[in-house]
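In what follows, subunit A forms one complex with subunit B and a second complex with subunit C.
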Partner chain A sequence: MEKVKLKLLYSDLRPELEMIEKELEVAVGSNSLLLNEASLHLLQAGGKRIRPVFVLLAGKFGNYRADVMKQVAVPLELIHMASLVHDDVIDDSEMRRGQTTVKAQWNNSVAMYTGDFILARALEYITVIEDSKIHDILSTTMIEVCRGEIIQIEDKYKLDQTIRDYLRRIKRKTALLISSSCELGATVSGTDAETAARLRRFGYFIGMSFQITDDILDFTSSDEELGKPAGSDFIQGNITLPVLLARQDPKIYSHLRNAVGKEMSDGERMEIVKMIRNSSALQQAKAISEQYLDKALKELDHLPKGPANKTMRKIAMFIGKRKF
Partner chain B sequence: MNDIQIHSKITLMEIDVLQILHQRTLEKYTAGPSTDRARLFFLLLPFFDGKQWSEDIEDSAKTVAIVYAALHAHDQVKEASPVSKSQQLTVLAGDFYSGIYYRLLSGTKNIRLIQLLASGIISVSEKKASLYENTAMSVAGVESAANVIETRLLSIYYDHYGLSSYKEIAIPAMEYVYYTNQLDFLREGQKTNLLHKLNLALPLPLYSERWILDKLDELHTQLTDVLDSHPMDFRLKNFLLHQIIPHQHLAEQLTREG
Partner chain C sequence: MEKVKLKLLYSDLRPELEMIEKELEVAVGSNSLLLNEASLHLLQAGGKRIRPVFVLLAGKFGNYRADVMKQVAVPLELIHMASLVHDDVIDDSEMRRGQTTVKAQWNNSVAMYTGDFILARALEYITVIEDSKIHDILSTTMIEVCRGEIIQIEDKYKLDQTIRDYLRRIKRKTALLISSSCELGATVSGTDAETAARLRRFGYFIGMSFQITDDILDFTSSDEELGKPAGSDFIQGNITLPVLLARQDPKIYSHLRNAVGKEMSDGERMEIVKMIRNSSALQQAKAISEQYLDKALKELDHLPKGPANKTMRKIAMFIGKRKF
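Let's turn to the complex of A and B:
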């Protein structure tokens, strides 16, 4: 339902998004029956296509040509898809978006080759563009996203990490790819440098707010809404902002200290979830998320008014208020 | 160029690649990037043979070595569950190395090579996946998979720099190295998808070892024939035949093993 609501916000882009969807289908076509099946399985699981949306919207601030914009929008979504299929191996996930994951349907090796194949397709696709600036932005982003994920694994179960560590991690893990989507859309459509920089910062702030909201929802949503047990991040050792804020209470800290990294029953898990819910941590986290959102909206204030600006604003507001 | 100089150059390139790919956490928890010396030798072969060499070609050679390292990392991901920290980081190592090769080529504005290598990775991934398919594969299919997996990226690099004439040497030699590794796995009782497909393609599974030994003989003969008529320096030929693919003829192997 939430996904439908979000898609309604950018219904103006429907013709372009339909074209991108078709291109994605062609792009994941393979001579290998297995890769073909695995990639289509992944594609059909759907998704919000938020990265292509940001590419297209950012492009509206420049010399917008749908056929040029798709040269960036399609590979960005492919890179995201490739990272998801590998992430499912990392997290040992059986389900994603209500469908079995590639690793669950086939095995880890097939998931690895599917991800490599899709990533290579993305690079094959985007190298139609010869402007090396585009490739500098994207390649740097890919490296930083990986660094973010590496740090996330390194920081697992570390209850004593700083909030700065957390923010730096989510910047690389989530915000950078959204930020780059906006910057690439702006660059490929030939906007001036200041507009491109503002759009990059807009994407960064939105990405930060989006991830913090995601981390809050892990505690506030029900198991059914999330499609996984509430508090899963903590169980998996991912120490997110609500936990970092809640641990400031010595009693909660002591409880978390005893629980982190240990096998937990459903009852014990729910006890942690309730403790976080009853603390002020979620409100504080929400306030931080809103600060990022405000910064994103301020960037839009300095950009030319028009339908793209309006849609970006609506998406930003939606991200701030989403329920799951 | 003598043996010591060749070894030194390969070592320098290996050090460069390892430095480029260095990442503290990956270093600590994974096996680290794979830099196969035989592969580095073939990436540098035109240089050893006195061909005109530039920083650009050498940088590209390093990126090809990095692509191989990226794909190799993902070959190391096993089916174990729950996933260990080492396994999680091995997945990320492959992705990280891919990002590095992309950035290096982007930095030198070699967009065409990024595209060509990407198409090569597509072919390699498709062939690797084909070894997991349930459908039967002929012996020719197995040979084609081995050829693409091991040599496609190297061929792309040679073609891109107008060095295609080295393919007739490098392809049989790299295949030789590949089958030698498969033979070692077979003898150690390790299972690989290629050996599995080969077993199914041959009339009797026990023929696999004999088939690989015959294949090694065939590749060695092919290579010595090419080298006989190649104007390459004899010391370089010797290095290749004795240090990269030290061959033991089938008859010798069978005698040795009684």
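Let's turn to the complex of A and C:
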């Protein structure tokens, strides 16, 4: 399992991550039965907790204090969780990480309000932070994540969008939250401004690489590995980098043009997945992902050496090479 | 028109309200065409801007500075707008205030993200406020509004809920945001703690009275006056005070029991509306609304006299007597 392997890379952080996990459980608790069930369902669906990990690792470059790190790690993960549950409404997703989504288990309204509630809880955590710079970063992040989702709606089913459109979208959707995690971890632990800026850029590059890899895996992995049908992105109208690169072949373009936005059988879906697999698009996308990865690693070269730097490098390499 | 008449009561505040209106327009602006259209649609649907009015009036009890007032009035109105657009998803509402809703004009996803975006913008305003007490009140308000909506989902179609359930729900749904508006207006203008607490209680009582009146009007007004079909609340599964009082008659109870949660023709809908109109429920509900109104007026009796006190009293009386 990918998740287990990735977790080995940051096993040193286990005590803090367990503390954060407990705090997340408390954070999503309420005296509403329905809300509790939906939030716990979402929490137990897990995820890699990669944002808290980056907060903690970035904090190691400064005056590391676990309880201070927690104050920003928890709201960042909550913002992420809230955006996932709202994404599932937009994408009409039944499955995520091999589990039914909140919108599938209950309905769109419950998913919407579970997201609202978790976002509100994130705010509650932000409130106790006195540093106005931290507030600024967190609320700007929240706003940009929301804007990213709007752009995602606007760009849906648009086969003729540019690669620049795609990059702009994943920047807001994924890279920004990871880059803020790194920047905030550094800032709350009082690193100098240059270190914080480098860590922010590292987070941005690694986030871009991570999302492109995710978008590749949607085509290369099996349904079982993904925990949802392969090719889901295209079916949901999310036009990702592999599609934008593959469409340069006129034959593939006309096939995609006929399929986009239409109901598809499993056979038709797999036909498209195979068409992308057999094109050169996945190799090209991988090369772009690796360019971002290289930039991320270069930032690490300029940061102080030590265990945190090493772990960040290992995670970066892992993300670059993961198979599913 | 009710809105016009109400506005006459606070015509002194027009310059500040126009400033707030312009600021709201800026606040919901973005470079996304879809989002801009949806947000402007929501903004232009208007509303009474009663929350900003209460912020301004409460501010008159202290050291009134229009620009400082604006800093809390704008996010409070944005929280309100965001909750309305999400409500429309939950209630599956096609019309509000005589206009099509965002979810009807576009779809549920757009409504959800328009709400998210507006909420994020509210945050942006909250961020620049340095006083941690203001932050606390604003974020607690946001959380409680969200919780109120969850409870609203849970209580839907439950004909056997208690009146206490109803009161708890409208407290969070309506009274809290108005009470916070009054408290924040007082706090940012530096009134003493007792004045702020009295204004908060005034806002709470007036908010309860206001929502009960709204729930009565859903049965007493015509479709044209409401700008949506009379009896909409019941059809959407929102069990309000008039229904809870009317169900005490076993004949009405069994009629409602058969109808709740079912598709209804216009004729069947009007049959229920008339049944409630002909019962004593509306008179009883009115009496309860008036009890809250009296409590609100008593708070004003203990506050310093002056034009702001007078205007608050006029608004309270207006709310207590409004016909639609």
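Here, the second predicted complex is superposed on the first by the 324 of 324 C-alpha atoms of A that agree within 3 Å, B and C clash if a C-alpha of one lies under 4 Å from a C-alpha of the other, contacts with A are read in each partner's own complex, and residues count from 1 in each chain.
Quick note on the criterion: a residue touches a chain if its C-beta (ideal position, glycine included) is under 8 Å from a C-beta of that chain, and two chains touch if they have at least 3 such contacts.
All values reported here derive from a predicted model rather than from experimental measurement.
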Fit or clash between subunit C and subunit B when superposed on subunit A: clash
Partner chain in contact with A:154 - subunit B first, subunit C second, else both or neither: both
Touched partner set for A:34, first subunit B, second subunit C, both or neither: both
Subunit A: partner with more touched residues, subunit B or subunit C: B
Contacts of A:25 with subunit B and subunit C, given as first, second, both or neither: neither
Which of subunit B and subunit C A:121 touches, first, second, both or neither: both
Contacts on subunit A seen with subunit B and repeated with subunit C across the two complexes: 30, 32-35, 86, 89-90, 108-110, 112-113, 115-117, 119-121, 123-124, 127, 130, 132, 135-136, 139-140, 142-143, 145-147, 149-151, 153-154
Subunit B residues touching subunit A - in the complex, by the definition given at the top: 23, 25-26, 70-71, 74-75, 77-79, 81-83, 85, 88-89, 91-92, 94-96, 98-100, 102-103, 105-107, 109, 111-112, 114-115, 118-119, 121-122, 125-130, 132-133, 135
Subunit B-facing residues of subunit A, complex: 30-35, 38, 83, 86, 89-92, 106-110, 112-117, 119-121, 123-124, 127, 129-130, 132, 135-136, 138-140, 142-143, 145-147, 149-151, 153-154, 156
Interfacial residue positions of subunit C with respect to subunit A in the complex: 30, 32-35, 86, 89-90, 108-110, 112-113, 115-117, 119-121, 123-124, 126-127, 130, 132, 135-136, 139-140, 142-143, 145-147, 149-151, 153-154
